[in-house]
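The structures come next, written out as C-alpha cells.
Same chain, two partners: chain A is paired with chain B first, then with chain C.
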Partner chain A sequence: MSTNVLEVKSLKTYFNKNKKTVRAVDGVDFSIRKGETVALVGESGCGKSMTSLSIMGLVPAPAGKIVDGEILLNGTDLVGLPEKKMYEVRGREVAMIFQEPMTSLNPVLTIGDQLSGVVMHHLKLNKKEALKKSTEMLEIVGFADPEKTLKDYPHRLSGGMRQRVMIAMAMSCNPKLLIADEPTTALDVTIQAQVLELMKDLSQKFSTSILLITHDLGVVSELAERVIVMYSGQIVEIADSNRLFNDPLHPYTEGLIGSVPSIDGDIRRLEAIPGNVPAPGTEMPGCRFAPRCSRATSKCTEGVPEMRVLPDGRSVRCVLYEEGAAQ
Partner chain B sequence: MAIPLLFIITIISFAMMRMAPGDPTALMMDPMIKQENLAAYKESYGLNDNVVIQYGRWLGNMVQGNFGESLIRQGVPVKDLILARLPNTLLLMLVSTIIAFLISIPLGVYSATRRNSKTDYAITFISFLGIATPSFWIGLMLIMVLSVHLGWFPIGGVANIGEPFSIWDRLHHLILPAFVLATADMAGLTRYSRSSMLDVLRQDYIRTAKANGFRKRTVIFRHGLRNALIPIITIFGLMLPSFIGGSVIIESVFAWPGIGLLFMDAAFQRDYPVIMAVVVIASALVVIGNLLADILYAVFDPRIEY
Partner chain C sequence: MTLTEEPRLTGRPALPEEPAVSTHEPIWKLMLRKYMKNKLAVAGAVLLFLIIGAAIFAPWLAPKDPSQQVLLDKLAPPGKDYPLGADNLGRDTLSRLLFGARISLLVGFASVAGSIFIGTVVGAVAGYYGGKLDAVLMRFVDAVISFPSLFLLITLVTIFEPSIMTLIGIFAIFGWTGTARLVRGEFLSLRKSEFVLAARTLGIRNGRIIFSHILPNALGPIIVSATLGVGGVILGEAALSYLGLGIQPPTPSWGNMLQSAQNPQIMLGAWWYPLFPGLMILTTVLAFNFVGDGLRDAFDPKIDD
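And then the complex of A and B:
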C-alpha cells in the first residue's frame, strides 16, 4: 500500500449560481504523504478553500456539489460516503482549523465544554476522562493554567489563545490529516510565528499530515515541504518547497514569488502580476492564466495545457514545458 | 430610569382620560337629577377642581399606596378590586407566554433548518396570516366553533360557578383565552426565531461544530439554539405591553375577570381611580418585564456581566 494519507483524484466541485455553473474546483489531483506538510497557495477565489471543504464534505449545499472525482483517505473514498460515516471522519480522521479564531469558537459554551465535547463524541470517553484529556491538550498547546482556561468562555481569550484552543481541539482525537485554512492570517506577526511553531511541533509529535491553505508565501516557506499552486480552480504547479522558491516553473508561480519583498538586500521593484483573477464562472479556451501572462504565445489559447510531470518530479501545467517545447 | 418613566405615563394617561368627554356622574346619577345636586356631588368628589390639582392629589395618595375608592362602586377601595383580579390576569399572561414560546420557537427553528422547503413556506404563510388576523376575531370564532357548536370548552369565566375548586376545571377555562392571547405574538415570534436561527447557522462556530463531526441535531440544539435564543429575549421584553393590551380585549371576549376586563368596564364608566390604578399596575408590569429580560440576558449570554 502507498503511504499516501490523502489522494485527491480529478476532483470537480461546481456551484450553481443563478443558473450559471461556476467551476470552483476544476479537476484537481494531488496527494499528501504521512507526516508531510503540503501548502496549497493561490490568490483569493482560486478554489483552495473549496478544495478543503470538499475534503471535509462541507461544501455548502444545495448550491455547491462535488460532481466528479475521488478523495481517498487511507484508501477510503470520501466522495459519496453516507453522512453518517462522515460524522466519524470529521474531527476524528480529518480535523480543520479556520482563519477566524475570534468567531470560530461558540461564545456561549466554555472552552472545557467545547473541547471535551469533541473528545467525548469521537473517543467515547466519559465526562471526567474527557476533561482530563482536554486539560492535557491545553497543556500541550501551551496554556499555563489549563484548569482555569477550561472554565473560561472564549471572549476572555485573545486571538492567538483562541487559535491555540482550535489547534488543541483539532489535534485532540489525533487526526491523520489536519487542514489549516489560513490559520495565521488574522493574527499578529509575533503570534503567527508561535502558532506556526506549535503546528510544526505537533505534526511531528503526532505524525499528522497537514494541508496548509494560505496565500502567505512566508508561512509556506516556514512550514511546508511541498507546495501546490492553484489558479482559477486548477493546479498549475506542484514542487518541493525549496525548488519552488529558487526555480519556479510556471509563469504564475514566478509572478507570485516576484510580488513578495525579499530580505536579501537587493533592492528591486516589486513586480505585481498585471490584471485580475478571472471572475468565477468565466469560460475561456486554453490556459486560464494566459491573459495575464508575460510569456503567453498564440499557442496558449489553443487548448488547456496538460499537467506534465518533469523528470525531476515537479509537475507543471504550461505550454512552455510541454513535450518538445524549446526550454 | 423606570421611576420617571412611570411618572410620565401617569401624567399622559391622566390628561387623556380627562380630555375624553363625559364623567362618572353621567352614568351613576338619575338622569332627572337636579342640577344643584349634581354639582354638589361633583364637588364632593373633587371633580370640579383644576385637573392639575386633581392629578397632584391623586399622585400624592398613590405614592402612599392609596389608590382611592371606586367612584362607581361606592365605598369599595380600588386596591381591593385590583388585588381580587390581578392573579387571574397574571395567570392568563403567564400561561399565554409559555404557550407562545413553546409553539413559536420550535416552529421557527424547524423552519430555519429546513429553509425554503414546503414546510418552511407553509409555516411562513400561516405566520403572516396570524399577523394579519385580529386576535379578538380568532377568539370569537373559536368560541363559536369549539364552545358553542362542539361544546368542548366553556364559553367564558375562570371556573364553573358553584362548583368546588378543581385544577382541571380551572385549566379547562384557561386554555382557550390563553391560546388566543398567545396567537397575537406567536406569528411574529415564529418569524423572529426563524431569522435568529438562520443567522446563527451562518456563524463560524457552527462551521467549527460541523467540522468536528457533530451530528446535525447536536449542531442545531447544542451549538445553535442557545445563541439563537439571546436576541429572542429582547422580544420577550417587547411582547409584555402587547400582552397587557391584548388581555384587555381577550378578557372581554372570554368574560375573564382580570384587570383587563376591570379596565374596560372602568373606561366605559369613567371610573377614574380604577383606570389610573390599572395604568400604574400595567406600566409597572412592563418595567418589571424588561428588568426580567435584562436578567435573562445575563443568564444566557456569558459575555454580559452586571
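And then the complex of A and C:
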C-alpha cells in the first residue's frame, strides 16, 4: 500500500448548528494511488466539497469539525496536524483548484504577484527566481506570452485563462495531490475540453494524483480512472471508471448514469431519480437512498448496509449485494 | 486524449480566447486616467497641491513675520500693506494663514496616519478571525465611541499641555474607531470570498492573507476614510483651538486665528479677519473630500473606464 498517496480512513466531519449535528461527511474511506485520477461524484450537498476541505484542513471552524478518522498523506496523518505544519502541506503537498475561476483569483493583485507569492513561500526562492519559475509555469499551462500575463490583473483574462492560471498556481510547487473542485463547471464547453486536456497532461508529466470533484459524468469519463460515488455523506460505490459506466452496481449510480443523455445510445426518455437528496442533518435508519430507490425492500430500512468489496475489486454499499442476497 | 493525440506540454499555440482589453499600460497610468476623468477630484488635487506647497514654502512666501505685531495697524483692512488684512494685534493675516497651514496640515496628516493604522489593524484582525476575538475588539470599539469625546478631549488637553504632539495623539486615539468598523466590514465580506479560500489552500499564511491579499481589496474605502479623516481632524483642531484648547498662540493655526475673531464687534466690523481662516478651512476640507472620491474610483479595478 506504499504507492497510495492519499488514504482517507473512516473520516467523519460534522457540523454543529443550533445544537443540531449535521453529518456532512459520515465515515468515508478511500485511497488514491500515485499518479491516479479519482473522481468523487454525487449530487449537491452529498459531502463532496466537505471531504476535500477536510483533506486541506480548512473545514469552516468553529461550526465544522473533523470528529473522527485519519487522512494519511504519504503516511502522515493530516488530522490534528498543527496549523503551522499544515501551512507547509497546503500548496506544497496538496493543492486545490476551484469551480469559479472568476472569483478565485485576487482581483487587485497581478497574476505575477499571486503566482510568485506561492512559489516564494513554498520553494524559498527569491523574487527573481520566483518570477522565472512563474513564467515557466504559465508557459506550461499554455500562455503564449507569459511575461505579459504576469503583469496582468485577473479581470483582463477570460474564464478559461484564469482557470489555467489557477492550475499553474496549484501545480507550481509540484504537489502530490491536486484536488479539483468542479474545475470545469463554470467554463464554456470548448474551454472545458482544453482545461481537462491540460489537467490530464500535467498529471502525467508530474505524476500528480488528482481528486476530481464533480457532478458532471462526462468529465468523469474523460479524466478519471476510478470513481467514488457519494450520497448523503457516505460512499455508496467505488469502481473503475469503465466498469462503473457499463455496469453500475448501486441503484443510485444507476440513477445518476440514467439521468445523463448519451450521444450514441438510443433516443430515450431521461430517467430522473425521484425525490431529493435528504436535507443535511436528516437522521434515518438504514440506507439513506432507500426512500428514493426503485429497488428498495423492507430490509433497506433495517440498518445501514456495510460497504462490501466484491471479488472483482468493486465496492458497494447496498443490501442487494450483501452476503446471501440473491443476485 | 479526445482533442489531440500527442501531449504538448510546452509552447502551446496561442489561446483562441484573447482578453477583451489588450492594451498593456502600467497600472498607475490606468489609475491616473481614471482619476483625471473626475473633474472635481482634479480641482481638489490642484487645490491641495497649492495649499501643501504654500505650507511647505511658507517662510519664503510670507510677506511678513507671522508673529510681528504692529498695534497701529490692528484690524487693518485688506490693502497694499496687508493683502488679507491684519488681526486684532496687527499681525499680517496672509503670513499667519501660510504658517497656520503648516500646523493644521501636520496635525491632520499625522493624526490620521495614526488612527488609520490603529483602525486598520484592529478592524482587519477582528473581521478576518471573527468569533470571540471580533466580539471583544468590537465591543471595545463601541466603548471608545461611547466616550463623550469632546469633553474627554478637553479634559486631556487641560491635563497634558496642549502641544502639537498631544493634539496629534489625542486625535489619533479617538479617530480610529470609524476606520476599524469600516475595515472590519470589508474583511467580513472579503474573508468569505473564493480567492481567500484559494490562497489558503495554497498554504499562504493568515498574516499574509490579511495584509497582502485582503487589505489591497479594502484600500479604496480606507483611502476615502483617510482623506475625509484629514478634513475632519482639521475641523476638530479648529474647534479645539477656537475654544482656546488647541494650538496655543502665538503659534498660528487656522483654528486659533478664528478664536481671536470671536468678538462680535470684530466679526461685524472687520469681516476679513474671520473670513480668510474660515475660507481656508472650508476649502481644504472640501478639497480633501473631492480627492478622496477621485482616489476611490481610481483605486478600484472593478470600476473600468
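Things to note:
Rule of thumb we're sticking to: the second predicted complex is superposed on the first by the 325 of 327 C-alpha atoms of A that agree within 3 Å, B and C clash if a C-alpha of one lies under 4 Å from a C-alpha of the other, contacts with A are read in each partner's own complex, and residues count from 1 in each chain.
Basically, a contact is a pair of C-beta atoms (placed from the backbone, for glycine too) under 8 Å apart; a residue touches a chain by one contact, two chains touch by 3 or more.
Fair warning: this is a prediction, and the values are worked out from it, not measured in the lab.
Applying the stated clash criterion after superposition on chain A shows that chain B and chain C collide.
Contacts of A:Q194 after superposition on the shared chain: chain C is touched, whereas chain B is not.
Of the two partner chains placed around the shared chain by superposition, neither chain B nor chain C is touched by A:P311. When the shared chain is aligned, chain C comes close enough to touch A:K151, but chain B does not. In the superposed model, A:G80 lies in contact with neither chain B nor chain C. Between chain B and chain C, it is C that contacts the larger number of residues in chain A. When the shared chain is aligned, no partner comes close enough to touch A:P261: not chain B, not chain C. Annotation: chain A residues 56, 58, 86-92, 95-96, 98, 100, 103-110, 117-118, 121-122, 153, 155, 166, 169 touch chain B in one complex and chain C in the other. Looking at the complex, you find that chain A touches chain C at residues 56, 58, 62, 86-92, 94-98, 100, 103-110, 117-118, 121-122, 139-140, 142-144, 148, 151-153, 155-158, 160-161, 166, 169-170, 179, 190-191, 193-194, 197, 200-202, 204-205, 222. Residues 203-205, 207-215, 218, 222-223, 226-227, 230, 300-303 of chain B are the ones touching chain A in the complex.
Looking at the complex, you find that chain A touches chain B at residues 56, 58, 86-92, 95-96, 98, 100, 103-110, 117-118, 121-122, 153, 155, 166, 169. Contacts from chain C toward chain A in the complex involve residues 1-4, 7-22, 24, 27, 131, 193-195, 197-205, 208, 212-213, 216-217, 219, 301-302, 304.
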